[in-house]
């Protein structure tokens, strides 16, 4: 297969340690083995991945479940064909000498640095309601992602919301500041919500089932390779992306392992998802985030037929 | 006079209409997703549906723009005077100003937040940072371009530096100052939005971000439309001020 | 002449040195976290450690700036000519240009990606969009400010529109054009960075974002420093071009 | 030279169409706020081919305005401006204007300023450059070709503007106080230069001046303007033979013409 | 008037320090590229208090340059410029300069332009405004107070510049061809205006002109400049009584002075 089919894959953000599996799949030749020549492009968050897929700039993207629900409500037919973050990466960070959030009850009445209109506060709100806390007591202070760490470290806000992958960097900065970081991962405290996985346009999937199948298989092999050989995977991504620190990448891979490898995955393989959990996830999003337009059916959100056979176990 | 008003309103509308129609056709024909680029009608409905919300958020953004612009003028013109009055200051300050100008403001937002907090101040600081440079460069150029004859007249009368500046150089530089101000005022809109991105709970930039992260294309673009209208209004205000302050200039254009 | 060169290099350095020292003292005394604001020495070490990386990424950014600027000049000046040559065009085009200018480019980046793809083109488009407005406004102002005496001379000779423009209006407007170009060239730096934020695997903007996301303050600020140096170099190039194209102007400043 | 002497007699030589025919010209300036200033009223003048008419009149009466109307730079509020029988609408390609201000381009050297009209007419040839240099010589500016206007004295700038008007063969020269900033010696040289060019090329000239003796020395006809609103109060045909000689300035006929013009301008001797 | 008549005699009246003392002035312009242009060489002149000296000379010889040096706008390359015994360094507060160009501010009305010097000296009073209006009247520009310079003719602009120089009581008037763009009648009126102001205020005047008769009519002394590099080739004391009368222009003594100046300027009659 010397004629490789060019395919563009859009990350959910700029390439960071958490994205090592995708680069591993490229560098180890897994994609090529499926006849694919994959280009990985960065983006700036959910909206842009969706726009890239919807406009055909990218054929596949690393999309999150809430984003797909919103995109479908917005009139696109993006569907998920794998779930890689079995746990949501939403985390609340605080400093030991600041907010010191260690327990779910402490979220109530918290002043939280988060993004303007970001869906995360709504997810947290839903999570609080599920746990009998008053969601409206949460005070959201809008701080842009690049400024959030500064806002926390300089004491402008007692706590911030970030993906849990920020933990290693924040931990280091906290230590330098002479204090300790507190990480509160929602998923470890009872939040049941699928997060990121591979997404593509339904119409594209209809026309290119083989490509999709090959893509998912190769990607899952990349994931497995990364979990098994974090050092090598880190080398791969650091080689491709300037500015990445090897140690930070390794630390992120470990954080991601916690999100990606659950009991379900150990049983059914990487990328697997259960329709029931999908359904509860979609409902959670519709109830708590709210959608503009017609809320999609849970069943239209995903397709499981492209998951690798046999399953790739971690 | 009446035909003048007719003129002045008909052509802008025609221009915008042509663009809107082309846009509508483009989105319809290519079946562009609303998430990527909503059609003008989508945006129109989003605007009417969310009118009060948009209006509510337009106010703080408008305020940030006006105050940020005032800051840019109030600080930029004195800097320009300093630059043009002394070669040493010019050489010392210019590199620093250029450095401040060519650094992406989003990247320095963290330190601005630390210094100015999460309130209005940090937004003003960013709007100022984004807008002051055109005023400085244009005004300094204008001050240096004062007709030598007028300068010598003032010098021969032993005018003080301040008199030379206020009575000769500044009026002579007004076309430059207003050119800079026109650019600056549209930049404050962008500055205000960046400021709101960085840390705010209100404003059109904020609404834009919210709509965007909810993949609500029509509302996001409605916010963009409001921002551009805001830009036009502010630009128009500066153009009006130009006419007012330069009654002697026969305005061939604008 | 030699004292001139001495002058021209010593003062900028002094200015920058003063700032660096103040900065160093500030970070040391207040024990500012390196994530919030690294000290100049932190940044210096980050620069030396990552020198080859920074240099490698500076090149595409530099290219984007230069080409984006060329586009802004090449398209901006004709637009300015159109604006200043016809009231109708002026009224029709200006609102559209202002709308384009006052919309945050980050927000329209996705559609630009769709139209121009992931390559250099989209970055150029953004750099152009960010930079063209000052050139248009300043050039149009300059063209309208041509001394009437010279215009009438040309008219009395029945010069064509093009001749009037190229031989009278443009040279007369050069101080304005260069003021606009100076602002524009620093804006292209920002434009290039925005373009890189949106979809690119290289460039200083990209490196900046990566370093930022890893909370690597020193490297992020090293990238910022390079960006400002890039801005200064480009600005200096325009200032040099100004001297070259306007030999008759006694440059009091710069 | 022979031709010039022939033409030297003033007044309509024949009944054919005059070169320039200006009838009942009126010019009102809108000062805004409903105010108007009438600069020219009921002004009529005929200019024969090859004729040199001087316009004398009080400062601010409307001489420049009249010249600008003839040049097509300004529209008359009423009246007719015809050149060779055709009503003009805008500048004529074969006219040259020496403005009251030098109007030099600060970004062009002296030589480049002079070559400007040739450039506009796409006639910038080696011959043109030679001619420009020759003119510079004739007005006493040799060696200043590559200087910028800001390095020249007022009178030197005026001479450059003169060269610029003479560099192409215009059929009508409109000259607005072209020698006002020159010393008398230079001025007299310029008079002879202008008259010899006129004799050679048969160019028609409208010449605004404040110097009565200059007007008399140069002209076929001196047109004396009234105060604003300007109209022509008298046409004085100058019946002195061409080529004019400087000695003529002291002849009775000459001083008689001067005296008449002075009287018309209100100067009582 | 009495004082003026007294002062009318030319030449050093006493042995005390002259008002202005200019010794061996030299001015070289750096043209770049190692080239220099010597505009003035070894120029010496004494100006008594209340004296009016006219400077006559060929165009481009260095008259404006000399005036600019006296005004403190330009530095002499060599030589001494003393006013009341003190070497000058920069403009003097009590001088007024009428430039060769009107140099009006396009953004100010006529009246506001005239008031400019008073504003600079923080003397913009009601009396000053009255005086400005009076001057406008005297130069024949009543009714034009609130017009902009672009709405004026060349000669009208020059008159506004004249008013601007006269609006405050200067002790030295530096006038660079101030009446060059005026018609003869207006010019004669201006001559009398200048002389009467001089008589009233005892102001000293350096007056550049190209008109020989103007120089003779106005001056205590006519200084004739050589061609560039300029130096003074002759000082002609004008021994006509003040107040000057227009009839004097035709007197033998007057024309004799004119003739001498002409001869010095190279005009052979």
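Should a chain be cited, it is by its letter among A, B, C, D and E, assigned in written order, with residues numbered from 1 in that chain.
The definition used in the following text is that contacts are C-beta pairs under 8 Å (C-beta built on N, C-alpha and C of every residue); 3 or more make two chains touch, one makes a residue touch a chain.
Because the structure is predicted, anything quoted here is derived from the model rather than measured.
Each step here moves to a touching chain, and the least such steps from subunit A to subunit C number 1. Shared contact partners of subunit B and subunit C are A. Touch-path distance (fewest steps) from subunit C to subunit E is 2.
The highest number of C-beta contact pairs joins the chains B-C. Subunit A and subunit B have Cα centroids separated by 37 Å. Averaging C-alpha coordinates per chain places the centre of subunit B 50 Å away from that of subunit D.
For the pair subunit D and subunit E, the distance between mean C-alpha positions equals 29 Å.
Once the centre of each chain is set as its mean CA position, subunit C and subunit D turn out to be 50 Å apart.
Counting partner chains per residue, subunit C shows two or more touched chains at residues 35-36, 106, 110-111, 114, 212.
Residues of subunit A in contact with two or more other chains: 47, 51, 55, 146, 149-150, 154. Residues of subunit E in contact with two or more other chains: 101, 150. Pairwise chain contacts present here: A-B, A-C, B-C, B-E, C-D, D-E [touch as defined]. If you check the complex, the residues on subunit D that touch subunit E are 29, 31, 37, 56-60, 63-65, 100-101, 140, 147, 151-156, 159, 176-177, 180-188, 210-212, 250, 262, 265-267, 269. Put simply, subunit C touches subunit A in their complex at residues 33-36, 50, 53, 56-57, 106, 109-111, 113-114, 117-118, 197-202, 206-207, 209-216, 219. Of all the residues in subunit C, the ones that touch subunit B in their complex are 7-8, 11-12, 14-16, 19, 35-37, 83-84, 87-88, 90-96, 98-108, 110-111, 114, 133-134, 137-138, 140-142, 144-145, 175-176, 178-180, 182-183, 186-187, 189-190, 193-194, 205, 208, 212, 220, 224, 227-232, 234-235, 251-254. The touching residues of subunit A, counted against subunit C in their complex, run 8, 13-17, 39, 41-44, 47-48, 51-52, 55-57, 146, 149-150, 153-154, 166, 169-170, 172-173, 176-177, 240-245, 248.
The residues of subunit C lying in touch with subunit D in their complex are 147, 149-150, 152-159, 163, 167-168, 171-172, 174, 246, 248.
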